[in-house]
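Two complexes are shown next, each including subunit A; its partner changes from subunit B in the first to subunit C in the second.
Take a look at the complex of A and B:
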């Protein structure tokens, strides 16, 4: 059976935390990339944010989110995805699923689909659906996950998979 | 997961020329769920992408769509429809920048209606960009063995890609 869903690399944040996590030298041998993140911030508040940058570049985005009500939508760059801060229930980590289609193309811009959630059984939580665009024909060879302030806490995990269509 | 053993590409299609529809047929019942990944464009700004299963064009479909485009949040719903959508809002652009991921659960059982969850995305600035989530249902208990993806208006553009994966529980 073909090896079509392959772990490329992973990173688990150690004691002391990390302000960013980088995946570099991503091979071009896959069709799509999938980045799964479980993370928490060491900063105050319930809903904190971080961003994912292909090739260390901010992407443009359309976002649809819900924290309580009403729903909100944004048009921005340097996208913000959710993760819980220290105001969230202890031991809760937010989950983010990012799918990057056709990432190795040298002829098209790259589109991203991301779902980011932060549920903590409290009065506030967050859910974000995101469309992103890396406006470059350059193949994506690195991904940088950067927290907007402070650090990702210990035990935050980042898993990068490659998916092949043949 | 054991790499490669439970996530298998069933078929992939890249359009060499513009086409009104794309068909996946003779889908094996050997998997638990299906995942359809598309990277596409439609040559008209008024197009959406719909899906029909097993050739059924009767009024046996329903859907609910939730979308945001940076300024407006909206929802669209249809019942007793003759089709359901995998990308209702964000496929309307000529650039190959619309990505959708559709999860079709428990597609091969012969006892329940079939439902799916689709996520559509296009972040480019012109012509209805946005992000969306769609739940769709086909009110039929037959196992899904084929489906057709069609543009509501105009053709699906050259270079659009469609890949169907099968996920096996074991």
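Take a look at the complex of A and C:
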């Protein structure tokens, strides 16, 4: 990883699980942000979802997704990303990278991209590519990761990096 | 248990609390929205697969030929 990447903060979920993980008071001293998540849900099924919200606000997004069926595209509000549920291979965790450009700008909307995969050693699995827009000139000072039901299980990890362009 | 974890990136302080009533309600709404979206996604995918299969059938392809096209 380039030395322009700086770990801002991280968290590993403890034994009780967590319904949401929030990075607050993000310093405005970087150019971009990268949020790296490894997580699993305690809910039934193979493909579960969670969302990431800048400043606790839903974004608009265009998603390209695939499970075991043909690939599909759709638009939505919010940012639904994949993680495995209890129906997925035991002890597997999904990976999600979310990149946010110019997050500290107070004059422009902020674009973001994400790729999310649901790990599973079986016929059903999931992949999501997402292009999103936070339609606000407000600088992003927090990121809220919320699972739609149940909890992120123990050992789910959340790493927030700041990236400088110089 | 529905715990919310907050990491203050400036101070490094990590705090935990229970979700508020409003947050729990929002979560339930999100769960329903996800279920609805997933049902729509699954139907769209199934419809697309069925439409593709119908085209293959019109073309008179064998099962092996269809499998080769799908790879």
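Throughout what follows, the second predicted complex is superposed on the first by the 163 of 166 C-alpha atoms of A that agree within 3 Å, B and C clash if a C-alpha of one lies under 4 Å from a C-alpha of the other, contacts with A are read in each partner's own complex, and residues count from 1 in each chain.
To be clear about the criterion, contacts are C-beta pairs under 8 Å (C-beta built on N, C-alpha and C of every residue); 3 or more make two chains touch, one makes a residue touch a chain.
The structure displayed is predicted, hence computed values, not measured ones.
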Next on the checklist: Tell me the contact category for A:21 with respect to subunit B and subunit C: first, second, both or neither.
Outcome noted: second
Next on the checklist: On the A-aligned overlay, A:59 touches which partner chain: subunit B = first, subunit C = second, or both, or neither?
Outcome noted: first
Next on the checklist: I'd like to know which partner A:51 touches here: subunit B for first, subunit C for second, both or neither.
Outcome noted: second
Next on the checklist: Under the stated touch criterion, which partner chain does A:4 make contact with: subunit B (first), subunit C (second), both, or neither?
Outcome noted: first
Next on the checklist: Touch test for A:115: subunit B only (first), subunit C only (second), both, or neither?
Outcome noted: first
Next on the checklist: Applying the document's definition of touch, where does A:132 land relative to subunit B and subunit C: first, second, both, or neither?
Outcome noted: first
Checklist entry - Of the residues on subunit A, which ones does subunit B touch that subunit C also touches? => result 65, 70, 72, 74, 76
Checklist outcome for this item: In their shared complex, subunit C is touched by residues of subunit A numbered 8-11, 13, 16-27, 47, 49, 51, 65, 67, 69-70, 72, 74, 76, 78, 80, 146, 148-149, 151, 158, 160
Next on the checklist: Could you list, by residue number, the parts of subunit B that touch subunit A in their complex?
Outcome noted: 1, 3-9, 12, 37, 39, 66-73, 90, 95-101, 119-125, 129-133, 159, 161, 163, 165
Item to check | For the subunit A and subunit B complex, residues of the former touching the latter | outcome: 1-7, 31-32, 59-65, 70-76, 99, 101-102, 108-109, 111-113, 115, 129-133, 163-166
Checklist entry - Of all residues in subunit C, which touch subunit A in the complex? => result 1-12, 14, 16, 19, 23, 27, 30-31, 33-34, 37-38, 40-42, 44-46, 48-49, 52
